[in-house]
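Presented sequentially are two complexes of subunit A, the first with subunit B as partner and the second with subunit C.
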Partner chain A sequence: MSPMTKQAMERILENSVSRRSFLSRLLATGALAGLPCGLLRPGTAEAGQVWEGGYQTFRNACPRNCYDTCSIISYVKDGVVKFVEGAPESSFTRGGLCVKGNSYVRRVYSPDRIKYPMEQQGRGSGNWKRLSWDQAMDKIARKILDIKERDGSLLGLALTKYSGNFGITNYGVEGMMSSLGYTTRMVGTPCWPAGIDAQNFDMGSMWCNDPEDLPQARYVIVWGANPAWCSVHSMKFLYAAQEAGAKMVVVDPVFTQTAAKADEYVEIRAGEDCALALGLCRHILDRGLYDREWVTAHSVGFDDFAAYLRDNVTVEWAAGKSGVPIAQIKALAEEFAQARPATIWIGYGMQRHVNGGAAVRVLDALVAMTGNVGKPGGGARYGHLQTWGFNYHAMLQKPPEGSKGWLGASGPKGEFDVSGGAGNAKYADRALNINKTAQEILDAKDPPIRMLWVACKNVLSQDFDRPKMLKAFDKLEMVVAVDQFFNQTVEQADIVLPVTTLFEDWTVNASYWHYWLSLNEQAIKPLHEAKSDIQIAAALSRRMNELAPGSCTFATEIDSKDWMAREFNKDIYDLFGLSSWEDLRKGPAKAKLASSASWADGKFATPSKKYEFRSDLCAKNGHDALPMYKEGRAPYDKLRLLTPHHKFAIHSQFQNLDWMADFNPAPFVYIHPRAAAQRGIADGDMVRVFNKVGEVRLAARLTSDVPPDTLLMYETWYKGLAFNCQNLVDDTSADMGAYKTGAPGVAIHDQFADVARA
Partner chain B sequence: MDWNAILIALRDFFSARDGRAMVAACAVMTATGKTPPDRASGLPQAADELEYAFNRLFVGPGVVVAPPYASVYLDPDCRLMGESTRRAAAVYDALGLSSSFDEELPYDHLALELDAVLAFRVLGAQDQSAELDALWHYFLHDHLACWLPLFTAKVMQAPAPLHPEISRAIAFLSAWLAAAIKDLPQESLPMTHQPGGTAA
Partner chain C sequence: MKKQLGFYVDAKRCIGCFTCAMACKNQYQQEPGVIWRQVYPLKEEIYPHHERAFYSLACNHCEHPACLEVCPVDAYSKRPQDGIVVHHQEQCIGCGNCIRSCPYGAPRFNPVQKRAEKCSLCWQRLDAGLDPACVASCPTNALTLIDLATFADPGAVQFPPGFPKMGRLNPSTRFRQAELPKIIKREDVS
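Then we have the complex of A and B:
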C-alpha cells in the first residue's frame, strides 16, 4: 500500500465501518492475544468514545447564584459538550447567554480542572499526592470519628458552604453534615441579608415583581445594581421600558455600564442611600405627591413616618449627606412620584453597608408611599424565594441515633433554611456567623473547630479579612475543599475532592429574580474522577458506616436523577403547570403568576397584614421601628474602597479561565485622576493599596468613573496571581440579616484604604 | 535499545498514581537504558519528592505545567476531549482495542497512547500488513510526532529545576520518538504538517 495522506486516513478513522474493517484481516488472525498493553484492552469502543453521529441536546441551568440563572441547552456530540446556548423557550434567557455562560465548555474541558482526590503534605506546600476515592473517604471518615471520640460530639466539624453551586440537590452538602450528627455551621449569607430582613419587616417577605414586567414601568430607578454586567438578561426589559417612553435613572457611587445606558445618572456618596431616599420621601410628602389612598388602605404607620420626615429630614440635609444636588433630588422625587407605575431595582451593593438594611427600608417606603407596591411595572424589586418550594430531600437528613450537639439557641441557617429549626429536638447544630468565619474559628471553644468542610465556596477569596482567615486555618486540624479548580482555598487545604460541573450530574435550579424553573440534565459522564456533592456524601457515608456502623444516615448509594426527582412536589408542579418534572425536558417552565406584581392583592405577610411603615417586629429585632436615617460607618482611612463584581466573573468563578484572561489578564485599582495626582500616581503605575487589614499590589487605572474619594477594584480570583481584595476588607457587620438568615450581612462597601506608588 | 521495555516503563511512569510506582518505572528505565541511577533515588523521601514534582507537571491539582493529553497541543484552545482525543480513540478502535477508563482518563492521555504504540510494535513484528503500516504512520507521524515535541518542550521549560527522574523519562521519550521517526520509510513522509494547537 502506498503511503496514505493524513486526510485519507482520517476519513477512514471517522467512519466506524471503514475503521473497524481496515485491519480486519490482521485482527482476524488473533493477533491481539498477547499484546503487552497494560491499559488498553481488546474490544470495540463504546458509543461516545469515537465519532458516532449527530448532536444530542440536553437541558441545563446555570447554577452560579446569579440573578439570571439561565436556562441552557447543551449540544453534545460523541459524549462531549461542543457548545452551549441559551434556551429560547425562556422569555427571560431568550436564547442568549452572558460571556460567562458562553465559556462553560472551556470550564469543563480546561486542563486546569482538578481531576482526582488529592492530599497536600503540608498546607500551602504544593506537595500533593493522589488519593483514590476510597483512600480519601477513609482519611476523612477516620478524622470525623476521631473528633467524635475526642469531643463526644461532632461540633468540632464545621461546614462553610454558599452559592458557588446553587442546584437544589447541592443542599445535600448540608444534608451530609446533618446525617453525621450535630455539627457547626457557618450560617447567614454574605450576599443580601440586610435587604432580606428589611423587606420582611416592611412587607412580611422578600418578594419582587416579575422582571419581565419592567417594560410596563414608566419610571425605573436602578439603585446600587449593575445589571449591564451582573444581569445582562434583564437589560432587554430595561431597554424595552425606555423604548416605551420610561425614564431610567441609575443611582450609584460609580459610573457603571448600566449608568452609561441610563437616561440620568445620580452620583451618590457611597453609604448615604438612606439620606437620599429620605430626601426624596420628604419632597414627595411636601408636594403632596404620595398616594394617600394607597397608604390609607394598605399600610400602617405612614403618619408616624411622615412626622419623622417633617421633623428630621430636609432636602437640603439629604443633598449635603448624599452629595446629590438639591435640584436633582427634587426633580427625581417629582418625576418618580408622578410616573405610574414607577419602580426601584434595589441592588445588593447598596445594602452591603452598616446602614444597608435601614436604606432598603427607606427605599421600600419610597415605593410604597407613591402607591407603586403591588402594581405591574412597579414594585420595590429586591429578590424572591417564591419558586423555591422544593422538598429539600437531599438537605433534610436525620442525625444518627444518640448524636449530641449544641444546647444553645438555634436560628435559621441561611435564607434557604426550610428545616423549621431544631423544633423539640434536644440538640441543635452550632451556628456561627458566616461573615465572620475567621473570627468564629479563632474564638470557637468547647469544642474548638477541628475540621472544616468547604463546598460551593472559595473561603480564601471570598470571606472577609483574609490575613485573619489564614490565622484561623492554622487552628484547623483538617481542611477538606471540594472544588473544580485550584483556587486560593484549595491551596490551603489538606484534601481536595474534584466536583462535577453542571453538565455532569442531575439537579434542578430556580431563580431568586425571575420566575423560570430549569431542569439540569446530566449531559456527559463526569470527566476524570469528579463526583457531585451528593455522590461525595454517599461515598463518605459508605466509609463511615464501614468503620462505625450507624455513624452516618446518608444513603450509601444514590441515583442522582432519582434524587433530583425527589425534590419535586405537588406545589411545585401546580405552580409551574407541570404534570411531571419530565415536562422540563421540553424546556424551562415559568411560574403561573396571578399577577406579574408581588403583593398585587394588597395582603401583606406582616403581623398587621399591611405594609408596615412602622414595624414593631423591626424594633423587636433591635432596629428603628420606622424607616429612619442611620449613620454610615466612620472612615478608618483616607479613601473609600469598593470591591464590586466584574463582568468576567461571578465572585471567584470564571475569571480563571484563559478565555477570560485573554480579555482581562490582570486586576486594576481604579482611581480618580485627582486622587492619583495628589499621590503622584500615573495611569499604569504599580501601586500599593493598604489599610488596617492588609495590602494589595496591582496596577492603577485612572478614571473619573469613580468619585475622587473612592478606590475601586473588582472582586475576583485570577489564576496564578496573588491578587485578593479580601486583604483589604474587614468583617464588620451590616445592620440587618440576623432575623431571616441567622447572621447579619457584612459591610463590604464600608471599607477604606489609601494608595501609594509601589 | 530495548524500546519495548522502555515504552512499557514510560507508560507505567506516566500512568503511575503514586511515587512508588513512579520509582519502579524509573528503575526499569535506568536498567534498560543503561543509564546511571539518580544519586537521590535511594533516599527514603525520594518517592515522595518524585511524586510531588510529577503531580506539579502532569496531574495537579494546581495549574498543570505540561498536560499529558494530545488535544491540549493539537486542538484549538488547549482543551481536553477535543478532536485529537477522538482520533486517538479511533486508532485504538481500528486496532481492535478500547480503553476501559472512559472519561476518567481521556483517550489521548500519554500513557494510553504509549500503550497503543506497544500494540503497533508487537502487531507489526507479528505480521506484515500494509494497512497496519499506514495506520502506524498516521499515528506516529500525524499524531504523536505533532504533540510530543510540544509536550516535552513544556516540561523542559518548567520553572523549577526538573526532577532528574522526570528529566530522564522525557529524554527517553524524545529519543524513542526520534528513533521511531527515523525508522519510518522516508518516501512515506508527508510534505508538511501544521499542528492545529496553540500550545507552543
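Then we have the complex of A and C:
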C-alpha cells in the first residue's frame, strides 16, 4: 500500500489549485462583480466543511441518460449547495448515488466552468473573448437571418443534440429550432436503436420488467451489460436474486466487474451473440424444454423459427462461431430453460454491432420460447418508455408563418419523437443520420449545412470518426456550442454559451429502466451567467424578433418552473398516483404498475397482438422475418477494439473534474499479455493504437480481463489530455434502428486496430 | 468489551465503484488531491484479475493509533464513548509525524491548510443519528458500520491478504474476502 500512499501524496503536493484559491482569485480580478449578489460566498463554499445540520433541502434528479436516473436531495445553506445525497424514498436507489453523482457539487463550483458567452478567434486557437448575452444573441440571430436570406429557408441551420442533459424541458432545444422554421436535424440515437427496433418487431414495443423484481428471478443472464459500473443500484437486486438461490451468469467479451460478481462468466467472441443465442435455442428445442403451452397461446411463427433452427443451427456451429465450448452451451441452455422464472438483461453494448438488432431478436426469442416473457422475475429486459408520456410542451413549437423547408417524407426524429412526423404540413425538417454526422455535413447540398447548434452533446468526443468530423467542421460557417466546460467540441466552436447545471433550473426526469419519476427543483441561482436551454431559446427569440419581427415563435419570456409544470398531464398524474406535480416535492414517485412484468396480460402491441417469432413488419423493414443468424463485420485490422463506458464517467462528462482525476488520472489501453508479448509491450509502456481511422497514444495495461484478440479503452474525456477513442471508431451502421428512431444505430464495437510501442 | 466503532469491508459485495470515496469528498468538500477514503484494487497475486476486487479503506480507528502516539501536540484523541480517532486540525502543526507513522496511509496532508487531516468516521453525522457518508452511499451494502463489542461474524477477518498486518495497533476494520466466479474461457483463442 505504501507506494500508493506516496503517489497520492505526490499528487496532493502537485495540485495547488483549490476552490478557495480560485474564488479568491475571482474576487481579486473583480470577476464576481458581475454576479447577482449573494450567489457565491467564498466563506461558505469552502473546503473542509463538516456536517452541521440546519440545511435547506431541494429535490433534484440526475439528468445524464443513465439507467439509474437517481433522485437527489441537495443540501443548501446560504445559497450554496454544500453536499448531495440520494433520495431515500426511491426503493430503486435507496438513498444512494454513484461516484459521478457524488461529485456534483464539485461540478457546479468547478473553476473550469464556462462562465459567460464567449467567442473564439479561430477555432482551436483557445483565443476566447468574452461576449455579453446581448452580443452573443445578436451575432447568432444575424447569422440565422443571413442563412434564411441566402437560402430562402433555414435548412442550412443544423441541430445536433442528444442526452447530455435528459430533462424533459431540455427538449426545448428542439423546440427552439422548430420555432425558427424548418431546419436540419441530426436524427436517431447512438445508444440503443438496434435493440429498440428488434423489440418492436418481436413484441410491438420496448418494455422491460421493473428491475426491482429481479430478486424473483431464479436464473439471470446479464448479456453484454455491466451494471456494476453503469447501473450500480441494480446490483443489490442481482445480489438478492443470488442470495435467494438464483444463478447469475454474465455473457460478455470482457471479464467485467459484473462478471466478477457472477456465479459464472462466459467469455464470448464479440459480435457473435447471435450465434451463441441460436445455439441455446436449438438445444432447448432438441431437449423439448421450450414452453409449448405459452408459445401456442401467445406467439406466431414459432414453427417457422423451430424449422430454421433445425435446418441451420447446431450447437457445434454455435460453439465454433462464439468460442463458447459445446458442453457449456448445452449446460447453459438446460439450466436457463428449466429455471422459472428466468430472465436476460440485454445490454446496449451487445447491439452496437452490424448484427446487433438481429442478436437482440434471438435473445428475445430465447426468453419467449422458454415462457419467460410476461412473468415477474422473467423478461427480456432492455429498456422502456412507459413513463415518458409528457406533453413535450417545450419541444412542440410551430414554425413562423411562411417558413419553407424540406419537401418529402419525414420519419421519427429519435426515440422520443412524439410529434408524429410532419403530418399534413407541406414542409418538414431535413433529417440526417446522427450516427454519420460528419459524413452528412460533408455531403449535404442544396443548401449545405452552414451553421451547427450543439446542445446536450459533445460531438468531437462522442461522435464517430473524429478525423472526418474535423473536416466536416471546416465546412461550417458557424458553430455554436452550449456547454458547461471547455471540452473537445467547444474547442472547435466559434461561440460558446454557458448552460446551467441541474441545481440551477427546473425540470422533470424519468428513467428508461426503473419506474420512478423525479422532480428537479431549482436549488440555487444560476452561477456566473449560465442559462438553461429554454432560457437560451427565449433569449434568442427576443433578439430574432427585434431584428425581424415574427422570425421566431418561441416565447421571449419564460418562467422555467411554469414550463416544467406544463410538461405534466392527467395520464402522468394517474400513472404515478399524483394529484399535482407538487407532490413530487415530497419525494420521487413510482409508477403504479399492474404487474412488475411487462406484457403480463399476454397482449402484445404487434400487428398480430401476439409475440412474433415471425415478423412481417421486420421483413418489410428490410431484415429477416425470423430471428436468424447475421454475419458479423469482417475484421479490418489485427485486433478487435472495444470502447465501452468507464465507471468514472458517462461519455465525456465527470472525468474532467479534479475530484475524479484524484481517483482516475489517466486513460489506458488494456491488452492481453500474449498480444502484448508478441509486440514487445510491457505493462505501463506508452503505445500507439492505430487503424484506418486514426491513432491514439496512451499507456498500456496488461490484463487477461480482455481476450488475446481484443484491445479495450474507455470512452472518456480527460481534461487537458488529447486522448479521444473516436480517432479509432468509424461510422459503420448497425443493422436496425431506422424503424423507430429514424436512423440505424452504429457498430461501435465492430472496430479493429493494432498496437505498437510508441 | 467497550464500544469500538469500525468499518466492515465486504469485498465479496464490493464492486469497486468508488462511490464511498467520492461521497466522502462530497460531504467534506475536500481540497483536490486530499483523499480520506481510497478504494484499493487488490494485486493480481491476491485476486487473479486486474482491478476486479477491492478494499475500500479509510482510517481504521485503531485501538492503539500510531498517529495519536507520535503527535507532538496532542492533535489526536480517541473518543471514549465509541473509539473514534479524532484529528483536531486546529491544534495540528503540520509536522507530518502521523502521515509518516500510519502504516495504512490514513492521515493525509492538506496543502492549503498545511496540516494533516483524516477520516473522522463522520462523528458529527453519527452524533446526529446519521450513518457515515461513505456507508450511507454504498450501493451494494458492501461497506457498513460495526461495533466490535457486538460484532460476531465468524467469517470476518482482520488481516486479509494485502492489508498490512499491524497487530499492535489493532485496527478496527473487518473484512470479508472477494470470491471468483466459475470462468468459461473462449476455446478459439485459449
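FYI, the second predicted complex is superposed on the first by the 704 of 758 C-alpha atoms of A that agree within 3 Å, B and C clash if a C-alpha of one lies under 4 Å from a C-alpha of the other, contacts with A are read in each partner's own complex, and residues count from 1 in each chain.
The criterion applied here is as follows: contacts are C-beta pairs under 8 Å (C-beta built on N, C-alpha and C of every residue); 3 or more make two chains touch, one makes a residue touch a chain.
In this text, all values refer to a predicted model and were calculated from it rather than measured experimentally.
After overlaying the two complexes on the shared chain, residue contacts for A:Lys719 are found with subunit B alone; subunit C is out of touch.
Judged by the touch definition given at the top, the superposed model places A:Arg106 against both subunit B and subunit C. In the superposed model, A:Ile524 lies in contact with subunit B only, and not with subunit C.
Looking at the shared chain after the overlay, A:Glu267 reaches subunit C, while subunit B stays out of its contact range. By the touch criterion defined above, A:Pro607 lies against neither subunit B nor subunit C after alignment on the C-alpha atoms of chain A. After overlaying the two complexes on the shared chain, residue contacts for A:Ala319 are found with subunit C alone; subunit B is out of touch. Of the two partner chains placed by superposition, only subunit B is touched by A:Val490; subunit C is not. In the superposition on chain A, A:Asp658 contacts both subunit B and subunit C.
Comparing the two complexes, residues 1, 4-5, 9, 12-14, 16, 19-20, 45-46, 49-51, 105-106, 658-659 of subunit A contact subunit B in one case and subunit C in the other. Against subunit C, in their complex, subunit A makes its touches with residues 1-2, 4-5, 8-9, 11-21, 45-53, 82-86, 93, 95-100, 102-106, 228-229, 232-233, 235-236, 239, 250, 255, 257-269, 319-320, 322-325, 328, 647-648, 658-663, 670, 701-705, 707-709. The touching residues of subunit A, when paired with subunit B in their complex, are 1, 3-6, 9-10, 12-14, 16, 19-20, 22-23, 25-27, 29, 31-32, 34-46, 49-51, 78-80, 105-106, 109-116, 118, 121, 126-130, 132, 486, 490-491, 496, 498, 524-529, 658-659, 719-720.
The part of subunit C that touches subunit A in the complex is made up of residues 13, 15-19, 21-23, 25-35, 38-40, 49-53, 89, 99, 103-105, 108-113, 117, 120, 122, 124-125, 128, 130, 133, 136-141, 162, 164, 178, 180-189. The residues of subunit B lying in touch with subunit A in their complex are 4, 8, 11-12, 15, 17-19, 48, 51-52, 55-56, 59-64, 67, 69, 72, 77-82, 85-87, 89-107, 111-112, 115-116, 118-119, 122-123, 126-127, 129-135, 137-138, 142, 185, 187-190, 193.
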